[in-house]
Amino acid sequence: MTVPCCTPQTTSPTPTESLAARYRAVREASVQLAEGLSDADATVQSMPDASPVKWHLAHTTWFFETFLLQPHVDRYRSFDARYAFLFNSYYESAGPRHPRPQRGLLTRPTLADVLAYRAHVDAAMLERCLPADLTHEIGTLVMLGLNHEEQHQELMQTDLLHLFAQNPLRPASRPALAHERPAGPLEWLAFDGGRHRVGHHGEAFAFDCETPAHDILIYPFALASRVVTNGQWRAFIEDGGYRTASLWLSDGWQTVGAQGWAHPLYWESQDSVWRSMTLAGMQPLDDDAPVCHVSYFEADAFARWAGKRLPTEFEWEVAARTRADRLEQLYGPVWQWTASPYIAYPGFKPAAGAVGEYNGKFMCGQFVLRGGSRATPAGHARVTYRNFFYPHQRWQFCGLRLAEDR
Amino acid sequence: MTVPCCTPQTTSPTPTESLAARYRAVREASVQLAEGLSDADATVQSMPDASPVKWHLAHTTWFFETFLLQPHVDRYRSFDARYAFLFNSYYESAGPRHPRPQRGLLTRPTLADVLAYRAHVDAAMLERCLPADLTHEIGTLVMLGLNHEEQHQELMQTDLLHLFAQNPLRPASRPALAHERPAGPLEWLAFDGGRHRVGHHGEAFAFDCETPAHDILIYPFALASRVVTNGQWRAFIEDGGYRTASLWLSDGWQTVGAQGWAHPLYWESQDSVWRSMTLAGMQPLDDDAPVCHVSYFEADAFARWAGKRLPTEFEWEVAARTRADRLEQLYGPVWQWTASPYIAYPGFKPAAGAVGEYNGKFMCGQFVLRGGSRATPAGHARVTYRNFFYPHQRWQFCGLRLAEDR
Amino acid sequence: MTVPCCTPQTTSPTPTESLAARYRAVREASVQLAEGLSDADATVQSMPDASPVKWHLAHTTWFFETFLLQPHVDRYRSFDARYAFLFNSYYESAGPRHPRPQRGLLTRPTLADVLAYRAHVDAAMLERCLPADLTHEIGTLVMLGLNHEEQHQELMQTDLLHLFAQNPLRPASRPALAHERPAGPLEWLAFDGGRHRVGHHGEAFAFDCETPAHDILIYPFALASRVVTNGQWRAFIEDGGYRTASLWLSDGWQTVGAQGWAHPLYWESQDSVWRSMTLAGMQPLDDDAPVCHVSYFEADAFARWAGKRLPTEFEWEVAARTRADRLEQLYGPVWQWTASPYIAYPGFKPAAGAVGEYNGKFMCGQFVLRGGSRATPAGHARVTYRNFFYPHQRWQFCGLRLAEDR
Amino acid sequence: MTVPCCTPQTTSPTPTESLAARYRAVREASVQLAEGLSDADATVQSMPDASPVKWHLAHTTWFFETFLLQPHVDRYRSFDARYAFLFNSYYESAGPRHPRPQRGLLTRPTLADVLAYRAHVDAAMLERCLPADLTHEIGTLVMLGLNHEEQHQELMQTDLLHLFAQNPLRPASRPALAHERPAGPLEWLAFDGGRHRVGHHGEAFAFDCETPAHDILIYPFALASRVVTNGQWRAFIEDGGYRTASLWLSDGWQTVGAQGWAHPLYWESQDSVWRSMTLAGMQPLDDDAPVCHVSYFEADAFARWAGKRLPTEFEWEVAARTRADRLEQLYGPVWQWTASPYIAYPGFKPAAGAVGEYNGKFMCGQFVLRGGSRATPAGHARVTYRNFFYPHQRWQFCGLRLAEDR
């Protein structure tokens, strides 16, 4: 998701008390993700798709300053007027902004400056904004700001991993995870066709791209009970998957050639042993663990090689709504590519105001991922959640689950 | 449509007699399109997306030689064995091929050589292949070859126009058309929601991407009775449409900036008078004529500016099936962008054999256009026909028809 | 030489009679070089550095029309006013011009049109300009135009060869040459150091970059009696010359990597047999013939590998002036790279007027070649002649002669 | 100078005592240049031509470790074996190396790690290497390492300035300089032509490209007594210098267009007032101060506009040797572009061993600058010193001094 901000259609009724607590918790979680990082770690940008950790910390703060404090708090004094230019991501109506590919050139403000900026905004939010009798509009914006920040928490991890993976020293930013509990044996769960309701409805928070709820038709299909593993992916590699044109979409095959792809991002082979770069540094590849860091192009080619296909986002949602008990790894550890282009639901309406200025502007050329990943904050995702990336991107925690016609 | 070849699921029952007549007619039509062109006109490639006229003439011939004559005619002697390499477009299983962006470097074979190649293949087809008791398989392949050639007939015109538009002398290749009959006043035709059947079914010829026929749900909508005109587009320009970020998809806005778009392709303004490059050379712009040579990005932005949206391909098809009598300009003079990404229909199955090797390989990143254009051969298109191009492409005869929710 | 036009400092005293004859001969020679070419052969541009044959034929004509006929012939009627834009190469003061990389898009005017343009200008030149009592200024301009056209005669051949080399059919444009007489055994000719006069002086025609004549100091050196052969170059290849970083200039080594150079341009190896593309099509490589189509980077690396160096342009000139009898292959079949950057001679003065507008504007980043090639018109080159190209360019007929310190 | 390392032909006789003192002083000066910088300031790379300050600090240390400690100190234990890969600049014979454009991705090792690396190497150098009876070879290498480090001290400043100039906050790294003493009035000093000796000879340290000393011929010329000022440059701008094609070299004019150059690097104009980014942040432009941060292309165009030319490097050297008393600003505050391409002197011989592996490999496409700048360490430059950069580069402290023929 290039710019992971969407406005909520509706917001859950949140008592002021708990909203302040939620605010504190989310804001604190972002800072914790930066613990142990040097000023330089938090500053460098390893590619235009990624942003520095420091930028994420500042941009999420800018959101509260720009959309809550400045319009709604009387005589709010901004921390530094120049930050509006530096930390706007893509809101045209919020004024000009610093070019995305140059985010990594901002050695100033320092990480310490940005943490001070966060403290300044947090104090104002907690003292001047949240204690008040919250209007529905303000409550909605705060909820949006927090969900927005949770999305950036995931990006902080994917972007940091990408940066560390470029460093020949292969640094680690946290201890290796204990091996995840292996998933159960692969089963195929069958689903009837028919008319189903999908999308978000009701008072709870959701991004507007999840709405409106509407009916869709699906045809009989089956879905794998678990996601594809590293071991399965090795078989694909060993069978020449990356060298067989007929398995690939035309654009995918061009990308394979141009980028020299021969395995998922971060995999390395030495003396026939595969290892992978992770946030815990280089780690042996676990055949039973989910394959991660594959693009849509690769997921699609793998499915064709396996004689299967990717599910549509609605097949995924219908299955998750009706048989979630039998589906493993639904909300992690990897996002699951679907066959569905990211487009508007029937009747989709852009929200009003600055935060909703561009609700649909990313609905072109990207594909939907469903579920969640090991980097997604707990409680962030849900059955209607739509993540989205371009088909060649693979630095996110992305995997796949197979489907087939019945 | 990068490579406009798809295999038919089924073919219409064609008596041998009429298939030979059809073959003659289609093949002759291609040659007529090249009349009046110099050897150089037919050789130069003006951009990687376009191909030389000579290449189109040879490639469509290669199709019959490779998929009909070589496998099915005993002791067929190829015209020149090296042409297999030169004129394969993208069939990986048919062997290596000449790189697409270098098609314009082939000053040899000459146009005369290529016409001789066509005569050689036509003689063999008409004498050795078509008179025989046609098997169903061969009949299907011939029908496919003819429909394939008709697609290239349209491309010959779009590619030639692009070439001539690069020439400061602005050459014309044919007389100007008499002004087309203006369409009637714009009406909004309303359609109920509900379950509808779309896609191709039955014995008549269709490309496999039009199948299988299946049911879809639509919601109440209205469709404009006519396409958008040049006059409407001028109002969009004059209202700052090309300078207003909020109207555009994110990728579209980047393209506007990078390419400096300020009007449709081929429009030129001098002393406040608009003219447009056409196959008849520079012509005054007719405000009542359909706007042409706009990209998906532009069509989508225009619709947003107008407070409307593009129809989905299924809305278009349902409308065309049920109220075609009230819809003007359905099959021309311009293809109509839809809001639908070009993806597989539920249950889509790739056809067997070389011609079907890559049926779905273009189903990524492109959008569907419906209808037909002034360059589409008569009888080529139909209500289920799916044309497709990338959202930034605009050298085809592409326009738009508006829709809205009801 | 990107743009091979320089103004002469002085011109030889040419009687009107013989100047007209010279005019006819030079102009006719250009047309003969285009014989046997199709309209397409003469139109396509194979890379930005090269120009179409048709463009060369028109541009050399534009020179006479622009600098002789229009300013000096009363009521001269131009052939087509639009050609001034199409066929200006780089003269800023002569008005705007068609972009160089798009020269190959001009399928119109046709080759026949351009030949008619030539006839129109030749008639005017021969009837209206040359018979008159020639002023010194006009005679000088005519001589310049003819020398300019001779330079383009060489480019017509190098550019056509490059075009045909891109064609998998490897067309030939003329019969193969009989094998050239092999050069004698390699000798090293020693020269003392000292003060020498170099550069052009006197009334005979020369380009201004050859002036003024001036004194230089050289140090004792030896020069090879012949140029480097294909056989010597094969030894360089077989010794790993293209894979040994220490032999190359830094920029050269980058070019080797980026371009994948492993042999001279146009060489191809099949089953350990080397062949080379020539104007007579693919030909076996003659070990005794001069190596051709090597860049400065390659020539410099070869010399280092051989334990020698390239001569400076002044060493070459002093040797040619004093011991030309002992030096073989001085003026062909290949231009010889020197170690001298192409810069102004002390006291160099740009000539006045349009033709001299940019005399020195190419004096940056290029290296001097001395001698002449098999494509250089007879009588065109001389001992002071300075040809020049960028160090990575190799589509000209370029080779090398070795030198060493003594 | 892309890679500012050259081997000395000879070294000055340095008592061990003073060499150790010199070592301490030079090494300490580098660390002082990094004072006040954050870890991030020292890590980020603002363009491929520039390197991070941290990299400069480590690379100069790697030089001593690789060429002195490892080959010459018994059982020397390297600080971190992986640094050999990270901090090799371009020595092919010293093994593979980290790609230059990725230097800014190395957030680890941290600045503290690099300072520890420096301390480790300095201790070993001072305890194990320098106290010994220095052989001539080791003394030469140490002198080379120190001169090499001084060159990087200048680059640390130019690269840091470039980084800070990309930051919209325009940070300062040190206090503004008091205004430099204005130079005296411009005078033209005349020099006779004749035979002169140039280049380095003797025991004092010099880089090998300054040798051998040799005779050259010059022609009568005059040299400006001072460098060109900001005020003169403003006149050039106001006279349309950046918009007048006829003033520019062809490659320069292309660069002006492609880069949109309209003034020297770091100049900014607001409300008709010029300011310039400096190491002290944005500063008003002083009309009497030397113009700085101009490329060769700009210097050459300015000289043509002024009716003058750039001096050759030998004119500069002869003038400096004979009339240095009358020439102001010889060794600062700006390097002075000369008209001389950077090539080998007659008889130039690459030095033996690893440090001399590539002595001449940058002698292509660059131009010589003479003098020194405000960032050049005191005592570093001399009358034979040859600095060199590509003609489009301008992030160094480069200006110009005019010359003319007499």
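A few remarks follow.
We call the chains A, B, C and D, going by the order they appear; numbering starts again at 1 in every chain.
Simple rule for what comes next: contacts are C-beta pairs under 8 Å (C-beta built on N, C-alpha and C of every residue); 3 or more make two chains touch, one makes a residue touch a chain.
From a predicted model like this one, the values you see are computed outputs, not experimental measurements.
Common partners of chain A and chain D, by the touch rule above, are absent.
With every chain reduced to the mean of its CA atoms, the largest distance from chain A is reached by C. A straight line joining the Cα centres of chain A and chain C is 59 Å long. In this assembly, the C-alpha centroid of chain C lies 37 Å from the C-alpha centroid of chain D. Each chain gets a centre from the mean of its Cα atoms; for chain B and chain C, those two points are 46 Å apart.
Contact between chains, using the touch rule, shows up for A-B, A-D, B-C, C-D. Residue ranges of chain A in contact with chain D, taken from their complex: 38-44, 46, 82, 85-86, 98, 102, 104-111, 163-164, 166-169, 171.
Chain contact summary for the complex, chain C toward chain D: residues 2-3, 90, 92-93, 195, 214-219, 245-246, 248-253, 296-297, 300, 339, 341, 343-344, 346-347, 357-358, 360-365, 391, 405.
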